[in-house]
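When the chains are written out, they are named A, B, C and D in that same order, and each has its own residue count from 1.
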Amino acid sequence: MGPNLLVNYGEAVAAILFCIGFTNLLLQTNLIKKIIGLNIMDSAIYLFLAEKGYIAGRAAPIVTNGVTSVEAYINPIPSGLVLTGIVVSVSVSALMLSLTIRLYLRYHTLNLDEIAAQLKKEGR
Amino acid sequence: MDFVCNFPFFSILLSLFSGTICSILPGRAAKVVNRIVIAAVGVMSGILLVYLLGTGESFVYWMGHFPAPWGNEIRAGVLEAGMALFFCIIMYLSMAGGAHKLFDEVEESKHNLYYILINLLLSSLLALVYTNDMFTAYVFVEINTISACGLIMIRQVGRTIEAAVRYMIMSLLGSGLLLFGLCIMYDLTGHLLMSNIKESVSVLIQTGEYQIPLIVSVALMCVGLCIKSALFPFHAWLPDAYGYSTVSSAAILSSLVSKGYIFLLIKIIYRVIGFDIFNNTRIIDVLFVFGLMGMIFGSLSAIKENDIRRMIAFSSVAQIGYIYMGFGMGTQAGMVASIFHILSHAATKSLLFIAAIGLTEVSGGSRKFIDLTGAGYRNKWAGVAFTAGSLSMVGVPLFSGFISKLLFAQAAVQVEGKMLAALIVLGISTVLNAIYFMKTVIRIYAVTGDTSYPCITFKDMKVHAVVLVLFVIVNILLGVSSQPVVNMIEQGLAMFA
Amino acid sequence: MSKKKSAEEYHKTFAFHFFRWLSGGKDPYLGNVEMRPQKEYEADPEMLLRQEKEHDAILDKVYDTKHNALLKLFHSLYEITSILFCLFLMALLLVTISYLPATGAADKPVNNEVAGRYIEKGLEETGAVNIVAGMILDYRAFDTLGESHVLFVATITVLILLRLDKNKKGEVNPLTKEMNPNDRIYEPKNDAILQLVATFLVPIIIIFGIYIILNGHLGPGGGFSGGAVIGAGLILYLNAFGFQKTERFFTEKTYKWICFFSLSFYCLAKSYSFYTGANHLHSIIPNGTPGAILSGGLILPLNIAVGLVVACTMYAFYAMFRKGGF
Amino acid sequence: MYLILLPILFPILAGVCLLVCRKDLSRKLLTVTTGTCLVITGALAITALTRVKQDFTLFYLTRTLPVYFHIDQISILFSLLTVIVFLCAGFFSFAYMKHEQKEKRYYGYYLMAFGVLNGLCFAGNLITFYLFFELLTLSSFPLVLHTGSKEAIMAGLKYLFYSLCGAYASLFGIYFLCQNCDTLTFTAGGVLQVSAASKDGSFFLFLAFMMILGFGVKAGMFPMHAWLPTAHPAAPAPASATLSAVIVKAGVLALIRVIYYIFGADFIRGTWVQTTWLALALVTVFMGSMLAYREPVLKKRLAYSTVSQLSYILFGLAVMNEEAFTGSLLHVLAHGFIKGTLFLTAGAIIYTTGKTKVDELRGIGKEMPLTMWCYTIVSLGLIGIPPTGGFVSKWYLAIGGLAGDIGIFRYLGPAILLVSALLTAGYLLPLTIRGFFPGTDYDYQTLQKREPCPLMTIPILFMTILSVLIGLFPTVIVDTLTDFVSTLI
């Protein structure tokens, strides 16, 4: 075990959340819950990234009063990555939800196992 | 800088932009745009390849006004240009070969959406091939995933939608792991560009700092990409997705999409981590073992399958196993064999899918083997093409499959510890391949008394037949003149370093 | 001394109306607003039972659940392995994190010359006060170009899945078969409260969104967040007034063209900037005075383009989810 | 230079054209075309054999593996056999195939198999050889399942799987040989690196064994012989004639190439591989004869006989001395002509009478005297009665066996060969005896002469004469063989 687990409590929380989301995505049979798991997973990564960019005692990376010194602001890169990541996650969630809607309209259930069973029964 | 150096950038932007254009065009015009774009990108990649072979050096291209660690970059070498050219050829042929089926399986008002997906898929594949930036790679991996999912479910039957859900779930697990690995890697090195990460990584390795996080991050990225490219235990979504989607989609998905991820993994191995450092980790052993398992279990599932399309899909699992086995050997030769197999498998698998559709068409649309009896006589072109594809898969000389197996075996012989396992599994898997492909070939050439199905002659399937012939030619070219291709791959890998 | 009014007259006065409203004697909206009492949905217990049985029967028929020990074993194995895998992953990540550089420290490898240049020279080189905006739209613009296409491709897939198309040939659209034909039951009632509030709020929301977009290079904000706000405003408007009203100014065609022009502009503008950058040509786009609204080179127009796309996309997602069309 | 390609490519292309050609050719035209192609191919092959002195590299498959052709004595021997048998069986089939369907397909694959066999004979290195070996399997297997009946398809499948499995077993060896040989070009005395051979000797022995087993499949060697007796009866008679006379000899050629030209006889001699190989060959000899003896169906009986006779050849190869090797090569020729004749006569009998079982063929000698005389003569040859070809070859084999340094097999080998010769008499001669001496209760009144047409009898007669000629003038061949055999041993 390394020395920084307690210092990096934010990342640790992110990791735990990531695994919770991961488990949800793997184990839940309900599609909506799976999607929630997915979102938890993504958010965990954003938390992780945000923690990475944070530097104690510095301001958000928006130039105020013309001060452009490195010591004044936190690292802007993780924030940019998070922005991009959020868009990706929105798109993916929308896609997953619309897939879920289609499956629900067709099979009247959100349970993936049940859908698989009905598909087998259809025999196509 | 020569004007040719703009070509990678042009091809990415052109295909990206054509996606936008297609959104306002009717289906037929979108089709034309799509074909032109693929052809144009192919031509550009071809010229670029010739240029690079002439100069013998790779180059980086700024995406913006800022140099390496600050701005985005793309990078082109022989391997990248070759891959792009090859992807374009396969994609063009697959699109042309499956076009007539599109009208039966996709609503006409949604045809232009289909071509948007294809264009964006092409652009994302190109970006994955050319990119020199990890985060760009991640973004385009997502485009790739979503448009692949769209390709699966554009034929809207229950199976495909369910398959699309499964595909998305697995892909998202993969993306999550990839992104997490990426973040850790960023935290350790402070860079997102591949070349800079590589420098930092070698420094880290020398100083011995952050060893564990480094390995974990590499492992996470590898696992993520393995999941996305359907390596053996993560292949549950594959048969339905490839088996029921419309045929062009199936051909493109199996031959290009998974290969895009694999190519990204190769780039990560060479350009991000460094080949030697990667080989010193235990990760290659894991890849090796799963590759071997995939080779056997994929073939076993294919033997049990009763549906020709699903059988071909399961065979993909086995072939992906081959590729990862090549990675797992941890030698240059293994890598070359894997890359050659990427090409060979792409050419063969799309041929098989396109030929299979020709066979099912003359069997009343059924893809069960029992109905396919004698289909080879009813559609001679498809029958011959399917036979050629099967022979390539089985590894008969003169076809591309033989060369890739030969390369794998030659690579395996050089690796002390993994030699026997690799060769034995290679042998078993080849025999299993022979069993299910030859079974199918016999089946389509068995004489049947049933004359209820129509026969198709060349007149009814001109484009389809020409595409099949071209696919066979590509296959035989790869099999007969493999030497230039292998040289090119080696040159390209040398440029990676 | 006031004259005593007759009851009839009194009923016309404001005071009467006011006091009656105060005492709750009459609901002023009665008769003006459609207020059909809605029954709470209660599932028919018999039906539930039947469904349950059907479900079991299907599972039984397909998998032979009672006798299929292998399946049971597989399921339990699958669960156990996935839980173990997740625990393993968690432990692995925690151990990894314990070795990572400490949060908040300034001397981490992350805070290297890359971040340094973004902060120090960002204002000068991109003209954007918001360093993050400058970074994602200028230094690393290729990522962002990809990102907006992720959104685009996601809308395309949603369109494929949920758009209801009129069929010329008269074949049965698989979607229409599945969907409830009477999708107007989801239409809002003439809910006056909602409508009144929406009349006030929607312009404010949309203006706020526009502000965020236009201010993207000067402060927190940008195309995506502003677009999402505008999208929310549109969705609120739709909920309040229904599809018929929104169709007057926002149809699929509008969406298509806005998306097309924004993305085309985005692609072309960025292509120009990439091309000039890579070929070391001089870009004709000025950076402007930092802090002014017309500054930051391409960042402002790009933000507007992204904002339009995002706003339309958000609205399109909602409309698609609701009834498969605009 | 390119002359060497012609006898390979011409028939293959002609075959492909025939297969692809859409029009239904009239029978006559088809026959004439095929006949011309066969003759031209034969002529081309002979020209190539006599004229071409140079090697020829077609292209490089991978960096170190060229597709390379080279003609040596072994090529000449096998190529001559191929040409003669294919021409004879081809002309025979013009008459025979009248009562079969889809003649065009048959001739197409027949021509292709011809070309591929030529390529196999001319192949100058192991990888080229392997290429044509696989192609041979693929082009000959449509001949097996030609009739399209369920048994034929199953037999075809069995043939295919056995052959492919065998080929992969040998491919396994080729993978390693690529690494440990300087070149895979066939060189008398072997090309295995001395360092590799001494370092991993036992491993390479294992490889050699794998390759013997793998290529032995084609030659019907014991553990993997089962495809032969099912494939032969299923195929049309002329196809089984070529199958038995030439195509299975591809396995023999493969073993000669691998053992004598790649590993080198010295490497194998005196090891467990040689012992096992000898044992397997002898087991096959004996078992094949026994099974043939018990088999009532004529063609199947002949197929078992092929199993047994081929292992004579393998025995000779496994002994690894000059006499035995010469005997083997002679037996390749003798058995090729004899078995070709036997299958063609069987075909003629089936064609005229429609009977397949030996018991039904009482008095056949009275009906078809010429055919049966040929049958009897070559049967005697196969048994090994002088002065036919079989006698000479078996003589050399026995001498070689006795002279060989092979432990117990020195005596066991010739003994088993002798027993098997007796058994051969036991399974071949009953047909002659019953055919010519049907017994007292035979109804001579209904007897009618029904000799088949000359298109059938002439090839039979020709091959019979050839087989006798080998026995009468063996010295011509032996002398030419001796020189280069000594370079191999």
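Simple rule for what comes next: contacts are C-beta pairs under 8 Å (C-beta built on N, C-alpha and C of every residue); 3 or more make two chains touch, one makes a residue touch a chain.
This is a predicted model, so every value here is computed, not measured.
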{"item": "Centroid-based (C-alpha) most distant chain relative to chain A", "value": "D"}
{"item": "Whole-Å separation of chain centres (CA-atom averages), chain A against chain C", "value": "16"}
{"item": "Separation of mean Cα positions, chain C and chain B [Å, integer]", "value": "33"}
{"item": "Rounded Å distance between chain B and chain D, as computed from the means of their C-alpha atoms", "value": "44"}
{"item": "Centre-of-Cα separation between chain B and chain A, whole angstrom", "value": "28"}
{"item": "For chain C, residues that touch 2 or more chains besides their own", "value": "93, 95-96, 99-101, 110-111, 114-115, 118, 140, 143, 147, 150, 153-154, 157, 161, 175"}
{"item": "Multi-chain contact residues (two or more partners), chain A", "value": "2, 18, 22, 26, 52, 77-78, 84, 88, 91-92, 95, 99, 102, 106, 118"}
{"item": "Touching two or more other chains - residue numbers and ranges from chain B", "value": "135, 139, 142, 146, 149, 153, 156-157, 161, 180, 186-187, 192, 212"}
{"item": "All chain pairs that touch each other", "value": "A-B, A-C, B-C, B-D"}
{"item": "Chain A-touching residues of chain C, taken from the complex the two chains share", "value": "55, 58-59, 61-63, 79, 82-83, 85-87, 89-90, 93-106, 110-111, 114-116, 118-124, 129-132, 135-136, 140, 143-144, 147-148, 150-151, 153-155, 157-158, 161-162, 175, 178-179, 219-220, 222, 224, 290, 317, 320-321"}
{"item": "Residues of chain B that touch chain C when the two form their complex", "value": "1, 5-6, 9, 13, 16-17, 19-21, 23-24, 61-66, 69-72, 74, 107-110, 113-114, 116-117, 120, 123-124, 127, 133, 135-136, 139-140, 142-143, 146-147, 149-150, 153-154, 156-157, 161, 180, 184, 186-192, 200, 210, 212-213, 216-217"}
{"item": "Chain D to chain B touching residues, read off their complex", "value": "59-63, 65, 127, 130-131, 134-135, 138, 145, 148, 153, 156-157, 160-161, 164-165, 168-169, 171-172, 175-176, 178-179"}
{"item": "Contact footprint of chain B on chain C as seen in their complex", "value": "92-93, 95-96, 99-101, 108-115, 117-118, 125, 138-143, 145-147, 149-150, 152-154, 156-157, 159-161, 163, 165-169, 173-175, 256-257, 259-260, 263-264, 267-268, 270-271, 273-280, 283"}
{"item": "Complex contact set, residues of chain B against chain A", "value": "135, 139, 142, 146, 149, 153, 156-159, 161-162, 164-166, 168-169, 172-173, 176, 179-180, 183, 186-187, 192, 212"}
